[in-house]
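A, B, C and D label the chains in the order they appear, each numbered from 1.
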Amino acid sequence: MSLTPLHDAAAVPAVHPTDAGSLGVLLLLVIGLPALGAAVLLLGGRRTDKWGHLLGCATVIGSLVLSLVLFFDLLGKDAGERQLTQDTWTWFTAGSYKVTFDLLYDPLSAVFLLLITGVGSLIHVYSVGYMAHDERRRRFFGYLNLFVAAMLVLVLAGDYVGVFLGWEGVGLASYLLIGFWQHKPSAAAAAKKAFVINRVGDIGLSLGAALIFVTFGSTSFTVVSAASEHAGDGVLTAIGLLLLLAACGKSAQFPLQTWLLDAMEGPTPVSALIHAATMVTAGVYLIVRSNFIFSLTEDARTAVIVVGCITLLMGAIIGCAKDDIKKALAGSTMSQIGYMVLAAGLGPAGYAFAIFHLLTHGAFKANMFLGAGSVMHGMDDDVNMRHYGALQKAMPLTFATFAVGYLAIIGVPPFAGFWSKDKIIESAFADNFVVGLCALVGAGVTAFYMSRLMLLTFFTKKRWEKGVHPHESPNVMTWPLIGLAVLSAAGGLLLVNDWIVDWLTPVVGEHAEEHLSVSPLVMSLIALLVVALGVLVAWVFVGQRDVPREAPVKVSFVTRAARAELYGDAFNEEVIVKPGWSGVRGLAVFDRGFVDGIVEGTAASFAGISSRFRLAQNGFVRSYALALLAGAAMVLLALLAVNFS
Amino acid sequence: MVAFWILAPVMVAAALGLLFARKAVHAALLLAVVMISLAVLYAVQDAPFLFAVQIIVYTGAILMLFLFVIMLVGVDASDSIVETIRGHRAASILVGLVFGLTLVLGVAQVSFGAPLGLDEANSEGNIPAVAKILFTRYVFAFEITSALLITAALGAMVLAHRERLTPKPTQAQLAAQRVRDYAEHGKHLGPLPPPGVFARHNAVDTPALLPDGTAAEASISRVLAARGTVKSAPELAEDVKALTEGDD
Amino acid sequence: MDVTPFIVLSAILFTIGCVGVLTRRNAIVVFMCVELMLNASNLALVTFSRANGNLEGQIAAFFVMVVAAAEVVVGLAIIMTIFRTRRSASVDDASLLKY
Amino acid sequence: MSNDFPWLSVLLFLPLVGAVAVMFLPKEGPLAKQVAFGVSLLTLALGIAIAIDYSPDGGTQFTENVEWIKSFGAHYALGVDGVGLTLVMLTVILAPVVILASWNDGDAGRWSPRAFFAWMLALEGLSIGVFAATDVFLFYVFFEATLIPVYFLVGGYGGPNRARAAVKFLLYSLAGGLIMLASVIGLYVESAKTDGGATYLVSELAKIDFGTDVGRWLFLGFFVAFAIKAPMFPVHTWLPDTTENATPGTSVLLVSVLDKIGTFGMIRFCLELFPEASRWATPVVVVLAVISIVYGALMAIGSDNIPRLIAYTSVSHFGFIVLGIFVMNSQGLSGANLYMFNHGLSTAALFLVTGFLISRRGSALISDFGGVEKVAPVLAGFFLVAGLSSLSLPGLSPFVSEFLVIVGAFVHSKVAAAFAVSGIVLAAIYILLMYQRTMTGPTREEVAGLPDLRPREVLALAPVLVLVVVLGFFPKPLLSIINPSVDHTLSKVDKHDPAPTVAESTPEGAHE
């Protein structure tokens, strides 16, 4: 770029990384280890069955160690120097357009690296136990490694197209893992659905990247961030909206939310890693990473906030009605990501809190998913909470860790969720009262459905199926639970001294001051009050009553709607799928009948004409002679006509 | 011109007869009428050589050939009147009429002027004059026609030739066959009796009489027997009686 | 002697020959009609010869006769062969060469 | 390599001579197959040698020029630039793959298996000729000659309706060729009017200014033929019918190699010879290309027959290629050129792997499968990778090209890009739907005993998929030879890439 960006106080921070030097190799290794693991496990075949899971764990743990090394190295640098790049090779060039695989390592990538490899490692270890009896465990670990590698590419890429690579890579891994038990048609269908809906989001990312190229002549963060201030509002808003579409797809935000609940068909560790802690938060990452776009466009941010608000309420409502423990948690995930998106939409005031909530959520939601997996493990893979009850005695460790996660998500101090969610609610109120109210109500509903889940699973009476003997899971599964529980409890430490905010400042810019009319303390108290109300309601309506083993049929419209996931699927089915299918069928008829019909018809008409003419060749000499004579007569007539005209 | 006006209607009538004659033999005869009339017209038009050739070649050779073929194919083979191709006859007549009318009208429109006549060309006699042209200017074409005729003759031979499918039986085989037939069916060993032997008549339609006075059926052609033109034995006997009585 | 009546006669005979070829089914009769057409043309040739005052027309007629003779020989031989195999002299029966 | 030696002629005639040689080998026994495979490998080796010797910025290379028919101005002229070399390489790479993969496909045909392989080699040689010809007349001769082997390959070996499919293919292509012939003759007429006299050399023709009307008519003649070949909506219907009945190997050569003649011709002849007419036709062609993308994808979704489905996906992909060509900017054209190569690989993989699947089950209907993954995991894995490459997953080679085309289309027209990009969703639907229905779910009885891929089949498929992955991350070898050619083409059509909007606008006046 020939233009030098004009830096002023309100300017967005430009990405101007320095060469990573010797650490760059580590960056490559962070991605390379799990990628290598995936390659070995997937190409190695049955030879690697015996030690495949160990290799899978080892590569991710190796990445975690490297990430920690990198993180502490970054921590030791000055705030201004915390952006490193590692040159690799040019991916492709065309005309003036050049896309490279250069990696960008900055505070944002750093925390993501820790989240991905940290939670990833714990879940890999957990999976060793969870998938112990699956004959295709080796392949499962291959896919998990593939996912980790792709996710790392996503957060380390220094170019939108590079992000796209990781973006689709995690989509592929998600597809493979949701459909891991592909002999189940529901799993295969869910996998396909997830991928296809993600692809709808990818339209946004493709077109967004294209628009960015047209506008800035490059898609690398460095160039775009330096020049974004010079772009027009319209263009920035358009880019923002396109990126939001991408984020909606990947993060299961309204209106592309329907795939997430179906994705629970995958094995539980997958749900924990991909559909709770990491992949689904990639949308939030994308928005925060693109802060140099979003900070400059009020309109796009408003759209982000609206999407976030709608989704956080939708997810919460769905979570209230689901009896499937994983789907209830998935609804909760949707809702929590809604919070993050909402926070990201607040702009400089919210980026850091979005990431903060993302991190804490990654810990406590992974914790609860794994807990749910542990419960299912003990309950013979039954997922219906109405068949649980009073499990706190049978599975004390699971209960304890789950409880930590529960307290974290509903926002009880001092657990991690309190700090992160409280900050978002505060920022939301500072931005707009309605938005704040949404966030507040969402918190109350969260408290309700999580308490309901807690009560149905661990308290109330036994409603177990016959022959089920709940038991605590093996150590290899409980240790990761404990690890995640610790993180869920202590995640709030990141906010000490506003560390997380300062840490992310080089990436997202100076944190904007909040202008809240009431003091933060009052705000927190109000939020706690709402949460307490939610818990109380749950206690009254669930804890104090007998829970029927079958879900009651006669329920209010709201419950029915929530059970039907607010008719998202029904809407897609009626408005897109069914008309789509009839359209495709109609098109097939059109193709056969009209497009090919013209061709075939031309051929057939020639064939018809010749078969008609053919009849003139009747084999009778006399007919031929007649034709001959007629011809001669005509020649004669013609001659006469010429001569006497 | 008198000859023309006499012959023309005859020729047209004979030609039309060609169209309607049921039997091929009749058609051939009507054609002969046309051809002879044509020959006369040639003669009238100072073409005595062609007159002779027309009579010899057409009426003599070609028509005889036709008659031979008719004989071989069967005299009785006659057309059925029913037209098998739908609309063909009407169309033929229509097209023929159009063609003919156009031709006639077209020809009639042309004024040929007075004929120059062949008196000068035929001054040294028609045949020498024709020969002169034929053996000078048209000698090559003439020689070619000889090749054509030879080819045609060969072609006719090839077409008429029937390939033997079985080896020709030898004398010995034929003799053995005869003896075998005699042994199995009692077929007469010797040659068949000729008609009329020991009889009043020696015509072909008269069977020979066996020593006992009965007629030998084998002595006459089966064709004649089928036609019923064979004289029966009692008739013969009466003839014999009349003769003997007359002698008395 | 005017020329035109001869030519008209020739035309009429030719036309009758044509119609005969078209309507008759007995191959021999068809052949006769062909001969009639040839003869009709011969008449015209001879007439033109007289009209033009040279003998070329007669020569042409002579060649027509030769060719006609050859044609009849071969043609009749063909009819014989067909008759031998098909037991029929109808031209309609030899209609395999169709469609 | 010395520059005088006619390397391209050798490359072109090696398979042709091989084809003749194969016909003299014994009908029975594997010798004919082995020789055919050996010849194709030899051709590949020679092709690689040529590619190594090629210098990316050197323009048209390995040129040969012998006067052929003087009165027409026709020459036997060969030579390759970046675009031509890419496609020649695609041809020589796919030929041994196809021969190895179709090892037993020729056994059940109407003629002997040796004829099957001889025709394949002949097709390879003629295809190389098409891509290497630098004389329009020679190109035309090769263009039409390629139909003959395909006709016999389709008509002699393959499904129950092969005869009809072969005739349809032949007549459809001939019709296109006929229209093109008119333009070829027109070129002669026009070039004869110039001072240089009649010529068919592309290099000479490119200098002629045909004038608006004549240029447009000639352009149309070429374009229609190439659109049929490509195939584009609405002249695509021969392709599904043909692939439905052809053997997988034939389909690969047909779709991956031969159909590229259409898009190759659009660049080489439509754009470079008739720049004005190409610019004039751009709006219509872009619309047709976008329709092809969406239409092909939708038809693929609705297909139950696997080869038909793949044929329709190709219609969609060719829509992308044509779109990339006619948006006339570096991104689009580079993408389109790259797409030609990548589509060749991915479609080849898809045809071959589904071919293995179909030959095992004896049915080509998706509804006849289910749960194959359980019994044949390796096959399923290859299928998935091939499918993912077809839906342009990043990391696999088609992504780069598709992304570049979308970017190029976006530069040209935002609306066209917006419609074209829907192709990526539809691609996901048709590939994953097919995978879901065939591979996943409970294993059906009929497929329970299906054997997994044999070593020969793995050996045939693996190189293609390895290339797909390697080029997905490192397409530079291809792009480095394609980009100079693209610049050349763009200079011919007199188009320049627009500069990024931000670089032009000042901070104050920055509004859309």
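Note that in this section a contact is a pair of C-beta atoms (placed from the backbone, for glycine too) under 8 Å apart; a residue touches a chain by one contact, two chains touch by 3 or more.
All values reported here derive from a predicted model rather than from experimental measurement.
Colleague: Please work out which of A-B and A-D is bridged by more C-beta pairs in contact, and write that pair.
Modeller: Answer by contact count: A-D.
Colleague: Any idea how many Å lie between the Cα centroids of chain A and chain B?
Modeller: Roughly 105 Å, centre to centre.
Colleague: In whole angstrom, what separates the CA-based centres of chain A and chain D?
Modeller: The mean C-alpha positions of chain A and chain D differ by 36 Å.
Colleague: Report the inter-centroid distance (CA atoms only) between chain C and chain D in whole Å.
Modeller: Each chain's C-alpha centroid was found; their separation is 66 Å.
Colleague: Between chain A and chain C, what's the gap in Å when you average each chain's C-alpha atoms?
Modeller: So the centre of chain A lies 96 Å away from the centre of chain C.
Colleague: Mind pulling the residue numbers of chain C that touch at least two other chains?
Modeller: Where chain C meets two or more other chains at a single residue, that happens at 18, 22-23, 25, 92.
Colleague: Please list all residues of chain D that touch 2 or more other chains.
Modeller: Within chain D, no residue contacts more than one other chain.
Colleague: Residues touching two or more other chains, restricted to chain A: which are they?
Modeller: In chain A, 618, 620, 622, 626, 629 touch at least two other chains.
Colleague: Which pairs of chains touch each other?
Modeller: All chain pairs meeting the touch criterion are A-B, A-C, A-D, B-C.
Colleague: Can you check the complex and tell me which residues of chain C touch chain A?
Modeller: 18, 21-23, 25, 91-92, 94-99
Colleague: Any idea which chain A residues touch chain D in the complex?
Modeller: On the chain A side, the touching residues are 1-3, 6, 42, 89-97, 101, 161, 164-165, 167-169, 172, 175, 179, 182-185, 187-189, 191-192, 195-196, 199-200, 202-203, 206-207, 209-211, 213-218, 227, 229-235, 583-585, 587-588, 591, 595-596, 599, 603.
Colleague: Provide the residue numbers of chain B that touch chain C in the complex, in ascending order.
Modeller: Residues of chain B touching chain C: 1, 4-5, 8, 11-12, 15-16, 18-19, 21, 24, 27-28, 31, 34-35, 38, 41-42, 44-47, 49-50, 53-54, 57-58, 61-62, 65-66, 69-70, 72-73, 77-80, 83-85, 88-89, 92-93, 95-97, 99-100, 103-104, 107-108, 110, 112-113, 115-118, 120-122, 126, 129-130, 133-134, 138, 141, 145, 148-149, 151-153, 155-156, 159-160, 162.
Colleague: Quick one: which bits of chain A touch chain B in the complex? Just the residue numbers, please.
Modeller: Those in contact with chain B are residues 618, 620, 622-623, 626, 629-630, 632-633, 636-637, 639-640, 644.
Colleague: Hey, which residues of chain D end up touching chain A in the complex?
Modeller: Chain D reaches chain A through residues 168, 171-172, 233-238, 241, 295, 298-299, 301-303, 329-331, 333-335, 338, 371, 373-374, 381, 388, 393-395, 399-400, 403-404, 406-411, 414, 417-418, 421-422, 424-425, 427-429, 432-433, 435-436, 439-443, 473-476, 479, 483, 486, 497-503, 505-507, 510-512.
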